[in-house]
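The following blocks contain the structures, represented as structure tokens.
Both complexes below contain chain A, partnered by chain B and then by chain C.
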Partner chain A sequence: MSGIAFEQPAGGFVFDNCRRNDILLKNNVLPGKIHKTGTTIAAITYKDGVVIAADSRCTAGNIIFDDNVLKIHRLSDNIYALGAGTSADCDFQTRLLESQLELLKLNQDRQVRVATAVRKIQQHLFRYRGYIGAYLIIVGVDVTGSHIATVHPHGSIAFLPFVASGSGGYTSLSVIEDRYKENMTEDEAKQLVRDALYASTTTDLYSGSKINMFVLTKEKLDKFLPYEIVAARTEKQADYTLAKGTTEVISTNVKKIEFDIVNEKVKATGAHEAMELA
Partner chain B sequence: MVKQHGWYPYEFQSGTTVAVAGDDYVVVASDTRLTENYSIQSRTHSNVYKMHNNSLLLSTGFLGDVLTLKKTLDGRIKTYEYTHNKPISTPALAQMISIMMYGRRFFPYYTSTVITGLNTDGKGCVYGFDPVGSMTEQLYACSGSAMPLILPILDANILGKNTSKPGQVKRTKEETVKMIKDIYMAACERSVELGDAVVVHTLTKEKGIETDVHPLRKD
Partner chain C sequence: MDVLNPKTYDAEEDMLSERTNYSAMDKLILPMEFQQAPVSTGTTIVAVEFDGGVVIGADTRTSAGSFVMNRFTDKLTQLTDRIYCLRSGGAADTQAIAEIVTYQLDFLAAEMNEPPLVRIAANCVRRLIYQYRDDFVAGLIVAGWDKKLGGQVYSCPLGGLLCRQPISLGGSGSTYIWGYLDNNYRPNMTKQECYDFVLKAVTLAITRDGSSGGCARLAIIDKDGVERIDVLGNDLPKVYDL
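Up next, the complex of A and B:
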């Protein structure tokens, strides 16, 4: 007996839940808030490669949802992506791209190029008319050199020597525009990116916590997780440990779970021999 | 086709204030971050205003209305002092605020106000208002953008609510100041609009107003 065990989805958006969602909204069941990263991400090229950095805050409205998010996604050994915009979109799109690039690498038996990754994601996003809210920065070093490309949800791209994106993007960009020069040393580049991120984590409400940084060259990949903690958790002045029993126990119910021994297995471990010798 | 009007008379500039009344003191606190949409307008703007009769006014919301309310109140307090030959007491001032704010019922002061001070017996008192002047005397008050984060902590720590030991926990003013600083530090971790510093004022009959500025996260 043969048959298709797994049917490939047709692709594109699935609208099955729309009717259910309408009914829920009518009954005042509020939909969950979409988590946005409200981010700062920045990347610059320097003499030997690229330096990329991101903050680590994820917000839902005005509440900080997660203080320790990694916004740097691996696409391949020599290509990385920074994601701003809707969290889920960045995560899923980069993961999809990562697997596609791996297959491509195995098929063509060559290191994948940055231009390939950018073209693939651009064509994918265009088909979704901007509804996938992924503002990505794709960086990498390949045989043609080091590249940085910025990708917008509608599918537009730009290859640039430096770029910053996200809600704190403008702040970072102004710092970088002030001090960027071609062929910087690695230390200069790291300091510039750090300063750019520091400016936006302190100015922009929706960026903050830590600065994560990667340095990517032809030879190496240096990961700094984190490169700097912009604002650490502060120490409390008093002790707020709740005494045992603060939450009132209203009722206790002890139930014996009936069980039967189905199978018994005795396995000898090395420890037995060691014990006998002693 | 109805034309959508693009001008809205109010803006929300965040800020969170806390006030706790004690037996012979009042502790008030405010964060010092003033925001506007996505960015910070000031890191040193306190939402606590000292009034002429030695009460402390806490006001957050739309800064334009906050400052106007304060200015108008100052004038009214002076007038009271000249006509009655004594400074206005805090409970009387609270009543005055309530009536003033309801006077603008149809174009409200877009502020969450709290007036605090020592009443005629020397006890600390805290009065909270909504934007149209509904007044309630409270043991403690919290208003502003991070109110949903801070109010439950105050409930549990001051009145023992939602714990197995309900009932007021008495604290000295030093302990209250410590607790308020810790609460702000905790709320900072979760609110984007809270940060920079918290200014804590303690009002007592003997020493007047003592101020303490405690730094918070800057991101």
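Up next, the complex of A and C:
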């Protein structure tokens, strides 16, 4: 019976790549740069369930790469994830988790719980020691009630009544901290989350464009895509085309340019065969 | 790891509020805005043994650098019905250790058909910390009650030591209350005296340590079960604030 309960999986954590990385760095092999998106995501619990919202801006440096990104990812019918951090990591990790949860749901023949999703992603991220830069907020309503959990890249989790994350997270959090109370009505909750996101999208450069909001309860899922468009581009104030004759012609000078043909070359363009059509 | 010069336990290394040294790779990959400090339970944890059980207590702050990530954390993590562990150090590391050990003990309980001993639980924790001592930043205190030896407190600090003590302190805030312990601890205290001692110790640490704060969570574990008590910020014992 020698220590069956204490048998560590063969290999356990493998940190060989860390030493490899250090050696690569010493030989000046640099890793590629990650483009961060900059985000605001927020989630709060209210009387019947949860309200979650995210902005929709993706930036690459100082340019808005994409104005209409959906940062709310489906994990299951009753569980959704908000992703901040490296956008590729958020997208793929949530997609991976979604498929795992679908299989689990089919296997166990019951609705998947939020705690399950959180535990699975936590253990996965822990294995990668923080190199998967996914700051996730997992929300959902299951048989045990409504839950919100933050997950950090190193694998630490916390279940909280409200949470905000991303570059604009602190701003949103301060608005929510001010007005959050337990068991709010749905309208109060939506208004609070909207105000929190509005504060972030207007103050944080890397958040903006639209506020997308989902309301998730035991019975329903309301999607507001978008809930509000923040700082929509307005019509141009004036017509900037210039009328002919705006610039006065002072004088005209016409000159002939002499040229000689030095070299001539004739080349046939590649004769493509006609496309074979079935 | 250098076999000829093994890492000795350094008291100064036990300043768990210090920032972990990221590898140079991290600094290149993650743009400046994203280099968030690791989420740590820079913390105060206290555990005291009495005749028939243990009293354990901790603060409730989890910080990432200067940002308080969670102001009502539960650092008293249940391993079995009568065994709890107190977590200090990196949040991800200690959560992972607690989960793995809970699983191992659950398995063991099914095999042995009786609740695991506190020493066994502490040993599971210690083996994990020792095996990954170069990678984990985790200092745990395992405390509980079992039929064989009654109330016990085991300390499992950074390098992978296992040591039974009648009273144990841990975390960054513990440095501020060793003096309080030396002055006020007496052996053979009653359950109520232990409770007051733990609560006062955690409060004093919260008052002085920046990485500890919030409320105090306590638990009393004895043969009849676990009594959890959350003492909110305004109910903490009064300390003369300079």
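Throughout what follows, the second predicted complex is superposed on the first by the 203 of 278 C-alpha atoms of A that agree within 3 Å, B and C clash if a C-alpha of one lies under 4 Å from a C-alpha of the other, contacts with A are read in each partner's own complex, and residues count from 1 in each chain.
We take it that a contact is a pair of C-beta atoms (placed from the backbone, for glycine too) under 8 Å apart; a residue touches a chain by one contact, two chains touch by 3 or more.
Remember, it's a predicted structure, so these values are computed and weren't measured experimentally.
Trainee: Could you look at A:Val254 and tell me whether it touches chain B, chain C, both or neither (first, second, both, neither)?
Mentor: Touch partners of A:Val254: none, neither chain B nor chain C.
Trainee: Based on the superposed arrangement, let me know which partner A:Ala238 touches: chain B (first), chain C (second), both, or neither?
Mentor: A:Ala238 contacts chain B only, not chain C.
Trainee: For A:Asp22, using the defined touch cut-off, is the partner it touches chain B, chain C, both, or neither? Pick first, second, both or neither.
Mentor: second
Trainee: Taking the superposition as given, does A:Ser167 touch the first partner, chain B, the second, chain C, both, or neither?
Mentor: both
Trainee: Considering only the touch criterion stated at the top, classify A:Val143 as touching first (chain B), second (chain C), both, or neither.
Mentor: It touches nothing on chain B or chain C.
Trainee: Examine A:Ile64 and indicate which partner it touches, taking first as chain B and second as chain C; both and neither are also allowed.
Mentor: After superposing on A, A:Ile64 lies in contact with chain B but is clear of chain C.
Trainee: Of the partners chain B and chain C, which touch A:Leu205 in the superposed model: first, second, both, neither?
Mentor: first
Trainee: Residues on chain A in contact with chain B in one complex and with chain C in the other?
Mentor: 38, 167
Trainee: Per the contact definition, I'd like the list of chain B residues that touch chain A in the complex.
Mentor: 35, 38-40, 145, 157, 163-165, 175, 178-179, 181-182, 185-186, 188-193, 216-219
Trainee: List the residues on chain C that touch chain A in their complex, please.
Mentor: Residues 23-26, 28-31, 33-34, 38-39, 62, 64, 67, 69-70, 73, 90-93, 95-96, 99, 104, 107-108, 111, 124, 127, 131-132, 135.
Trainee: Which part of chain A faces chain B closely enough to touch in the complex?
Mentor: 38, 57, 59, 62-64, 67, 167, 201-209, 230-231, 233-234, 236-238, 240, 242, 245-248
Trainee: Would you tell me which residues of chain A are touching chain C in their complex?
Mentor: My answer: residues 4-6, 8, 12-13, 15, 18, 21-22, 25, 30-31, 33-34, 36, 38, 85, 119, 122-123, 126, 129-131, 133, 150, 152, 154-158, 160, 167, 170.
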